[in-house]
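The following pair of complexes shares a single chain, chain A, combined with chain B in the former and chain C in the latter.
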Partner chain A sequence: MMFDSFLQQVNLFFHAFTAQLYLTNILIIAFATLMGIIIGAIPGLTATMALALLINLSYGMQFDLAISFLLGVYVGAIMGGCYSAIMINIPGTPAAAATALDGFPLAKRGEGGLAIGAGVIASFVGMLISIACLIFITPFIYKIALKFGQWEYFLLAVFGVMICGNLSTGKDPVKGWVVGFLGFFTAMIGLDKVYAYPRFTLGLLQLKGGISLIPALIGVFGISEILIVLEEEIPYKILGKITKIIPSWKTIYSLIPTAIRSGIIGVGIGAVPGAGEDVAAWVAYDVGKRSSKQGEKFGTGCLEGVAAAETANNACIGGAMIPLLTLAIPGSPPAAMFLAAIWLHGVQPGPMLPIEHPGFLYEVAISLLIATFFMLILGLIIAKPIASILKIRREILMPIVLPLTVIGAYAGGVRIFDIKVTFFFGILGYILRKLDYPMAPLVLGIILGPLADISFRQALMQSRGSLIPLLGRPVGIVLLVAIAWIAYSGFRRTIEYTRKHTQKDTGMIQEG
Partner chain B sequence: MGKMDKMAAADLIMGLFLIVFGGIAIRTSLNMKVYKTFLDAPGFFPFILGIIFIFLGSVMTFSSFRRKGFEQIKQSIKNFQIIYLFSNIKFKRVMILIALMVIYIFIFIDRLNFIIATALYLFFTLYYLKSANIIKIIFISIITSYLISAFFTSFFRIPLP
Partner chain C sequence: MRKLNKYIFLLLICVIILLVGGHNILAQSEKLWPKGAPVVTVGFGAGGGTDTAVRPILAKMEEYLGETINVVNMDGASSAVAAEHVLSLAADGYNMFATGSGPLSGFRVMGTSDSSWRDWVSWHPFNGPAALLVKDDSPIKTFDEAMNAIKDEDLNFGISGFGVGPHVLVEAIFQIAGVPSPNYVTAGSCRNAAVSLYAGEVDIAMCTFSSAVDFVKAGQLRALVVTTAEPYPVDSIIIPSITELLEGSENVPLLSETWPVLIRREAPQNIIDKLNEAFIWALEQPEIKEFAETKALNIVGYYGEEADKFLSFSEAGYSWALYDSGLAEKSPEGFGIPKLADWDWEKEKNF
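The block that comes next holds the complex of A and B.
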């Protein structure tokens, strides 16, 4: 029985492999990866922004091509961030922030090319590890997810928002939870899914359809980013010339243990709802620093530091796809963009996906694999020309991004109202970011809100308002304990934060 | 006064806002129609969210109060810091950029052809940001808006507003 199931999976894999290997698809992936690398390399244009801008192009494509295209952009953009992090000390994407710590000192020493080469190769290794994990872990999660009932789905939605809020705010997790639950509330706007009763529509006809996900995402990540970048003028210059790019075999060999360790960390963190590539890179960098024999050299221009961060942020992609495909919960903000896009194309990820679209998992894996090879080849080839792209002034580039976000918001539903929604969420995102609120929980809240609402109400109806049936559900209990632990540790951090600042203020007053 | 200290005042305002917002959410959800029982009613989940907002708002208010958020607000009012905010270069820059976006999204797009609306928006924004000399700005505005329009409509057959 188990062997039959294994053979069936192997058969599906090879079917997907042959189905994906045709010229148009390969060219689309190559183009998408290149676009992703270029956009990811430009400071101010993040991987999420890359997907937000290029999602337009996928509207008119066939479904499988659209999926390949978006995955190519995703893979390219995450890696592309390392160019600007290394050459100008400004990460192209937040995921590359840890890369700058060692990449920029290397560039100052004239070894920027080697740092880029190590970063690209590390990203390649990270992707291979994450694709392998995606292929082997996902079928098991599907089997577990099939046993989920209403309670588990409700608790999973709450768990997603809570853990995301906890991980995405450094000091005060309450801020992460606030935006996460504001995301839940945003999802309540529109007609109720059970009785079609209008909720919080303010009498506006357009709001009865609810807040469309893509315009909200484009606003939160696109328009707020335009304002954040244009708010101040940060001049930057490229230090040193890019000469040798590919490191020696000896160097590559010495980086393998770091890459494998960081790859596993990246996949693990990627699988946590909403945690994202930047968290993965920082954690892998920190672990690398502690466990490396050259730990003291981290931060002074060490290739191992670049490799740790770059492997982890790309490995996060495959990890983020695991909860996305099995439970419809994105592991990172760019994955949320990808989820919104596949919803738009009529595919509903979740435990039923292997039944409704049996080969989908492997199609995603093969597309990621093709994109990974293009990322390696193109990433090394365009390392030198990319320097001229980095010279484009952001004061010219960012205003041009706005019309592209407008098209992205409009083209999905062909409604002018969606452009206004994008603008509203852009301003909201800008204000919240200025006040140190993370954006990932907000997005996750909007995505998981309907699931939490419906499953909680149905679970309570089935149990006639009693919580006792939950005690007989092992997965539910695990989730409940996890939520309680996250809440406990989060509130403790908030209390410590408050105490620390109260003491600091008191000290300042006494000193004054 | 450091960045963290300034956040205490903002957190206090946000905390109070959340308490009021949660109260409004609870009141609105209780006024929603109940079909079978309240557990199944459209207002049930927003009601729970309202309670969560009040709780989190209270935590934020308490925390920021301890971090001298209230004193900071009083200090700001006393020292007319709000007036300084309006003369802050970054604040002015963002307000003007938002105003240009409002004109583009709420006025131009509704009334003008997309190419003309985009060209006008780009011209005024690039001019305000002093991105290049005037000739270059005119050139970039017209060419970019035309290329964006042509690229999406002809090449990818995507509708434009």
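The block that comes next holds the complex of A and C.
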């Protein structure tokens, strides 16, 4: 019986494989992947936005072509974010924020091409791992995802911000947490999601709608970076010629353990609805830093850091498809767009999918696989020209980037208010950077704030307002211990750092 | 001869210019929106319930009209931000709005917008009945058992959120059945509420049926009742209608949420008439019927006065339900919104 069912699955797989391999489909995937890469590389235009804009276009398409098209854009856009993160320190998508930590220092040293090459190859490996998981272990993973109740989602959101805060400031994690929770606060602005109560809206209608993520992201990364560059009399230059893109075999070989570890983390986080590509990248980066022999070099321009973040954010795609196909709950925001698109085509994912559309899982997997190969090929081909464009003098490049980013901020919601938000966060970002606060936790706080807020309150609704029943849940205990450990080690580092600083200052005063 | 050729050539060019230009001018004047494509601003995010319900019907209407209708999403304040945005633009028929009948009915009492159904002409392709659901292995097997359990036991009751369709429907049912409100656990969306029920996070849930129908088909969740006027067949299972199980619940099905496309009431009449035509045609198309069937939605096709009547009734139901649950900022009384029991279309239509 089991053998029969296995044979049936193999048969469905090969059927999907041959059904997807025809010229129009392959060309559509190639085109979509390229488009995705370009959209992802432009700060402010995200995978979510690209899919939202293209859903209507895909509505008129034949169903399997529409699926291929959207998946191609998704895969391309998540990887494309690394170009601008590495070359101009402005992540093209929120998912690439962790990539900038090591990518940008590498670019400044003249190794931007190599960083991009490593990023593309890592994304490729991440995709392969996630597709394999999607095909072989979907039923097991989604059962684990069901163990995540509201309490666990809340802890996951806090965990994400704690890790990000811990990582983006090397010496003083408390600073990272401060801005992370400032992000949480920003996310609370607007009508609350349970009772529609206006919070911090100052009576303004626009604020009732809340602060949108993309304008805030563009502000804190884009506008503040532009202000910093334009302020300098001699802006920094990206050194040397972009000669080498593909790393040596030896380097690739050394990155394999990082890639496999980050790939598995990416799939796992993708399978948990609500977290998404950005959290995956941060968690993989954190685990990479802790388990690598070169951990202390993370953040100074280390290929392993780029590989950890890039593998995980792409691996998240396959992971996000698991709850999407089995429960119709998208694992990440772009996956939500993909779900809407397949609904429009009359396919209802969920428990009936294997009965109503038995080959659909494999069709998705094969389309992802083809898109993955195009992502690798096209990603490496265009790496050099894109890197060369982004290498031009900052004082010329930044004024060009400015209107592009503003358009990106406006395009999502077509509200002038969003442009104001962009500039507000630009100036806030500039001030915080001058005070040595990191930007990434702020953005992750805004992303995870709504999840933390609503999950915490829903968990309390379930437990009738008491925390006691929530503390005994096994997945929750693991997450709580992890958060406590991060908090403990982080505070210790901050205290050591402050002590050293005070000693230095007192020393200087005594000397003076 | 050469001169003649030159004149013939010139004439030919003139004819071509006239033909192409004339055709363009004619085509422009024949167009419903000659100045450019109209925009429908959906008040919720891309991929949400409103977005997915509205896009297929708009795509079919485009086909009938032979013109493009652009769709953009402007999320915020339960679609009030988008409503205010469309109201701030000219009422020239180029700007439309899409939302859910529930949020629209709540704008004024929630204090999010001064707009109400009186400002809009609307088209409602579908409505979404809700279902009372339990897990397949739940000891609760029938609607009556569910009412008793809610009365006697301390159950967690899953809904998508307060003040939206299923919550208002279930509150109406509780009021008629004399059952007190249970401990609600909101899940953010009906799909999430269904998954919470499946995962054992809540004991019972009320969800838009479309978001849980596949769980019911797969035998993982059981639907005890559905808020339609007639029993609802799903494959071989017949789900009983609320009207046959609960006396006095005849009006409950009318509270099922719809997802209308709306245009300012002052928009040019020729645009409204043409949109009526396109809407009627679109509803007849097999793709729309198939979409409604897969999503367990009812095709209702309200437009014109019927749409106004529905929205007026819905406003009475939703705004008082919001107010009674302590969620509304202002009393419906202040806006002259009657309670459902006092609602009378003959009075309401003279706005």
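What we mean here is this: the second predicted complex is superposed on the first by the 283 of 512 C-alpha atoms of A that agree within 3 Å, B and C clash if a C-alpha of one lies under 4 Å from a C-alpha of the other, contacts with A are read in each partner's own complex, and residues count from 1 in each chain.
Keep in mind that, in the parts below, a residue touches a chain if its C-beta (ideal position, glycine included) is under 8 Å from a C-beta of that chain, and two chains touch if they have at least 3 such contacts.
What you are looking at is a predicted structure, and each value in this text was computed from that prediction instead of being measured.
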{"item": "Which superposed partner A:469 touches (first chain B, second chain C, both, neither)", "value": "neither"}
{"item": "First (chain B), second (chain C), both or neither touched by A:461", "value": "both"}
{"item": "First (chain B), second (chain C), both or neither touched by A:195", "value": "both"}
{"item": "In the superposition, chain B vs chain C on chain A residues touched", "value": "B"}
{"item": "Partner chain(s) touched by A:406 [first = chain B, second = chain C, both, neither]", "value": "first"}
{"item": "First, second, both or neither for A:358, with chain B first and chain C second", "value": "neither"}
{"item": "Which superposed partner A:350 touches (first chain B, second chain C, both, neither)", "value": "second"}
{"item": "Which of chain B and chain C A:177 touches, first, second, both or neither", "value": "first"}
{"item": "Touched partner set for A:208, first chain B, second chain C, both or neither", "value": "second"}
{"item": "Which superposed partner A:150 touches (first chain B, second chain C, both, neither)", "value": "second"}
{"item": "Set of chain A residues, in rising order, touched by both chain B and chain C", "value": "56, 59-60, 194-195, 414, 461"}
{"item": "Chain A contact footprint on chain B (complex, rising order)", "value": "4-5, 7-8, 10-11, 14, 18, 25, 28, 32-33, 35-37, 39-40, 42-46, 48-49, 52-53, 56, 59-60, 62-63, 66-68, 90, 93-94, 97-98, 101-102, 104-106, 109-110, 118, 121-122, 125-126, 129-132, 140, 144-145, 148, 152, 156-161"}
{"item": "Residue ranges of chain A touching chain C (in the complex, touch as defined)", "value": "51-52, 55-56, 59-60, 146-147, 149-150, 190-191, 193-196, 205-206, 208-210, 212, 327-330, 336-337, 339-341, 343-344, 346, 348, 350-353, 355, 413-415, 454, 458, 461-462, 464"}
{"item": "Chain B-facing residues of chain A, complex", "value": "56-57, 59-60, 172, 174-175, 177-178, 181, 184-185, 188, 192, 194-195, 197, 199-200, 223, 226-227, 230-232, 393, 395-396, 399-400, 402-404, 406-407, 410-411, 414, 416, 419-420, 423, 426-427, 430, 435-436, 452-453, 456-457, 460-461, 465, 491, 494, 497-498, 501-502, 504-505"}
{"item": "Residues of chain C touching chain A in the complex", "value": "41, 45-48, 51-52, 55-56, 59, 71-78, 80-81, 84-85, 110, 112-113, 156, 161-163, 183-188, 191-192, 195, 198-199, 201-202, 214-215, 217-218, 220, 287, 290-291, 294-295, 327"}
